[in-house]
Amino acid sequence: MKALVAVKRVIDYNVKVRVKSDNTDVDLANVKMALNPFCEIAVEEAVRLKEAGTVSEVVVVSIGPKACQEQIRTALALGADRGIQIETDEMPESLGVAKLLAKVVEEEKPELVILGKQSIDSDNNQTGQMLGALLDMPQGTFASEVKVEGDKVNVTREVDGGLQTVALNLPAIVTTDLRLNEPRYASLPNIMKAKKKPLDVKTPADLGVELKAHTRLLKVAPPAERQAGIRVSSVDELVDKLKNEAKVI
Amino acid sequence: MSEYKHPLTDAEFALNEVVGFDALCAENGFDDINSELASVILTEAGKFGTGVLSPLNVIGDTQGVKLTEKGVEETAGFKDAYQQFAEGGWNSLIADEAYEGQGLPNVLGTAVNEIWQSANMAFALCPLLTQGAVEAIAHHGSDELKQTYLPKMISGEWTGTMNLTEPDAGTDLAAIKTKAVPNGDHYLITGQKIFITWGDHQMTDNTIHLVLARLPDAPAGVKGISLFVVPKFLLDENGNPGARNDAHCVSVEHKLGIHASPTCVMSYGDNEGAVGYLVGEAHKGLAYMFTMMNCARQAVGLQGVAIAERSYQQALEYAKDRLQGTKKDGSRFSIIKFPDVRRMLMQMKSGTEAMRALALVGGAAVDRAARATDEAVQRKEQARLELLTPIVKGWITELAQELTYLGTQVNGGMGFIEETGSAQHYRDARILTIYEGTTGIQALDLVGRKTLLNKGEALADLLAEIEETVVALEGEAAFAEQGKALREALNAGQEARTWLLENAEQDPAAAGAVSVHFMMLFGFLCGGWLMGKSALRAQALLDAGNGDPEYLKGKLVTAQFYSEHLLPRTKASLDTIRKGSASIMALSEDQF
Amino acid sequence: MAILVIAEHDNSTLKGATLNAVTAASQVGGELHLLVAGEGCGAAAEAAAQVAGVSKVLVADNAAYAHQLAENLSKLVAELGKDYSHVIAPATTTGKNVMPRVAALLDVAQLSDITAVESDNTFQRPIYAGNAIATVESLDPIKVITVRGTAFDAAAETGGSASVEAVAAVHDAGISAFVGEEVAQSDRPELTSAKVVVSGGRGMGNGENFAILEKLADKLGAAVGASRAAVDAGFVPNDMQVGQTGKIVAPELYIAVGISGAIQHLAGMKDSKVIVAINKDEEAPIFQVADYSLVADLFEAVPELDAKL
């Protein structure tokens, strides 16, 4: 069985994000980038399935500029077998990403496609689901457990009320949630081996996909600043403020 | 307090811009090794340091180790961390590919080692000692000895220790009394060794002790010492740990710092005698130790960089958070705004960056000396390596004392309270000027073997290379002040060298008397040299629009600070050197 | 064209999040229809018909939609959605699971987790974990949107009288099946990832008194933390310690009870979105960082708060 894992190069989760003074976007100049944490979990899950003998090959794909080869190499160092970079300088929207991935799926024919549930920059949580729709493949989103059983995969999902388990016909899409696994640290021998693993570069044109903008980013602003606090005189007032002003309960 | 975070940007800058990693690899046969790979390795090692080793640092300090009937029990959690470390292949980074090491350049090993030492110095001492043991066997052992012991020591499956010191023989190694008596195909060792780092623990199935001992017919003094391999568990016919050898830890020291590193008194041969195997030829033990000295001493220098960096990170975080000033509008501000606090932080920052650059240059010198193919080039590289080593070890560890002191000072009262963490770094640093050759020994080595013995030729070479940087700085208007400061420091170095060559013969106490000032002068001079190089490179990158402008501009300021605050010490050192030994030696013992 | 809101329900009643989504939809402007899909969901459809501002309720009652399987539901919503200008769902795990599929089937973008409506084609949404707010314009003819519930008021549950229309279309892709579920785990969420944290300090007096915080935490689905002082005094184990040398947390809501607010504790929670402090000492430093400060005896205030939530 082949597993295809899609990974994204994003801002390192430790970095404090700053909005550009012209409010056109977030300032990413010289900012530390890394493998999206949910994507790392996806790679780890695929590698574990390989170690368990369920999956025989793990292919990792990333869409982005040349620099995203760094993240592909990281995934290779974690145990993936080969990488594909789809080179674009402008980051496509989720639908565009899904369309590109759909072409890769058609070529590679994996039984399992594993993605992070969302990337920590856009926080969209859409790509895996859109890919499922385009390919008519079932999806197990926000997975906290994945078990392949014969020609199906049972996915336990983290939902608002607790946990839900669905059985999906293979080939299927899984998107990872935080509790699915704890990614390993890359070992030095694997980092060294990763240099030699194959990494193919393609373009959207190679895949026959024309990317289209469906949205326009008008403005990016910092969130409302922390205002000075107020004294409340009673529990009633506190509850009222929390419910209606702060809207946290 | 936050966990340790590897200063990747500065490490990469030093590696690429000061050492010239890509060129070093290309010129020295390190195929497929380049700065891109180094970045990946440093990034992943950084994650491990932060995620696995750093969280154990405080626990190690507070819980320490215990000696029980089982032997030495290390701090809880260390075994698991060590297994992850070994499984991660980190133990094998610079080791020979013939024994499944990764064969990576020594300078890269130095850069990665900074992470382990900074994240958890007590823990990192274990692989550091194993490295020494590996080198002893790899350089001098028979093929059989190498094949039997190296693979598992390189993988980390077994750890190693270095057993030199005895109660009566520390600096004076020639005075050791441990005996080795021939017994069939091996020897029986009896004696006691002290200050043995990670002498015992429960983390691995075996520990391989490298022990200096005297054979029965050995000549007296330094030429009568031999080196032996003494495994904790003798190996069975399959090469696996079997019978317990007569080598035991009989007590662990209660120390000022590095509590989680078991410092053991090892007793060999309490019963029948500990089985040992001769490494190389008889009576060559100390000579073998000397061949490993560069790496061992530089490793300790590197520990100085690491502990200074850790202390700096903690102090910086505190300075940003601690509010101790009130503005007119009632709002408070953090102490990092006070000029004197800022000065202390800049001292720590510039000192650490200079130390890091020197440690990496020293690490690279090992590669250059080992891989030079041309004989003349090899001699020069070897001389440079030998010269740098005492400066790396002696200067960096001494400056680290000052910088960790400042780290605690920035914390104010809370710095004296263990909880903030600064005190541990201050205490852990204290051993660095002592072990692996005290500051005094490093200084004597510098003035004696490394200067007087070659009539100052190696030093002249170094000074000439430093002058190139001085000239480059003097040639740029923006660096006029720094060029002037480095020129003055260079002059101080040249005059100190001249003074030493002229006075050492007439006054037998001269060399020893001025040695530490001499070493510190050259340390600060080398630091200034490399910060000058860094400034020139940073400017070039800024002009080309490459790299992170905030970091590079910061580097320019840091280099300027170094030249204004640390480099002037070279002049004071020269003043003192010129005064010679008179006031040092004049008092009789009774007058003290 | 009208707006279709996808209701979140448990077959008998509507989930609160639906009402917030209805408000968002009403801010877009236009006729509002509500889709109730499920199996045996008649009662929920009736409740939907009562929601103020809704003119029509579509009911798709079929085994294919039981458990809201995304593969089936998305096909239904896409089929219905092509006749609407906007298809909106609350950003619950169901909404997030289904709506991107709907968007892809309609070949349009999806806007996730909007927090404000600026016009019928321009919306605000949080990015970078809420460290930035993006204003996005949709260029698509059909806007597929999920709504962050806490950003909008709930629409009134009564006052509406919508018509109810059965939807016959049955979409059963047959590629997925519901196996089971475990609702409401009894374990509290993990301290460092909890959305709400209730912490106790030295003011709690002893370990047993932490029970009143636990009760409050259960009400809020919160994790329970403690200050170093409480841990040092032996009230609670040290894995509950929030602070510089304990855990760093940044929940949506942090309630500090009987905590003075030493700098070391603040370092562990100062990035919380909303900070509430309850302490009987008016001068406690915690009040400098709290958004809402209640000077009161915690042994009265906390049970009262628990009762009134």
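Lettered A, B and C in written order, each chain numbered from 1.
Quick note on the criterion: a contact is a pair of C-beta atoms (placed from the backbone, for glycine too) under 8 Å apart; a residue touches a chain by one contact, two chains touch by 3 or more.
Here is each chain with its UniProt name: A = Electron transfer flavoprotein subunit beta; B = 3-methylmercaptopropionyl-CoA dehydrogenase; C = Electron transfer flavoprotein subunit alpha.
Note that the structure is predicted; figures quoted are calculated from it, not measured.
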Exercise. Measuring from the mean of all protein Cα atoms shown, which chain centre lies nearest?
Worked result: A
Exercise. In terms of C-beta pairs in contact, which of A-B and A-C ranks higher?
Worked result: A-C
Seminar exercise, completed: Of all chains, the one whose CA centroid lies most distant from that of chain A is B
For this session: Return the distance between the CA-based centres of chain B and chain C, expressed in whole Å.
Result: 54
Problem set entry | chain A-chain B separation of Cα centroids, rounded to whole Å | 42
Seminar exercise, completed: Per the C-alpha centroid definition, the whole-Å distance linking chain A and chain C comes out as 22
For this session: Spell out the residues on chain C that touch chain A in their complex, using ranges where they run on.
Result: 67, 69-71, 74, 92-94, 96-105, 107-113, 122, 126-140, 150-151, 173-185, 193, 196, 220, 252-253, 273-276, 287, 289-296, 301, 304-305, 308-309
Exercise. Which of the residues in chain A come into contact with chain C in the complex?
Worked result: 11, 16-17, 19, 26, 93-95, 98, 120-134, 136-139, 141-142, 154, 157-169, 172, 178, 213-223, 226-227, 229-236, 238-239, 241-242, 246-249
Exercise. In their complex, what parts of chain A are in touch with chain B?
Worked result: 30, 70, 73-74, 77, 185-192, 194-195
Exercise. Which residues of chain B touch chain A in the complex?
Worked result: 32, 37, 40-41, 44, 47-48, 51-52, 84, 87-90, 92-93, 102, 547-551
Exercise. In their shared complex, at which residues does chain C touch chain B?
Worked result: 244-245, 263, 267
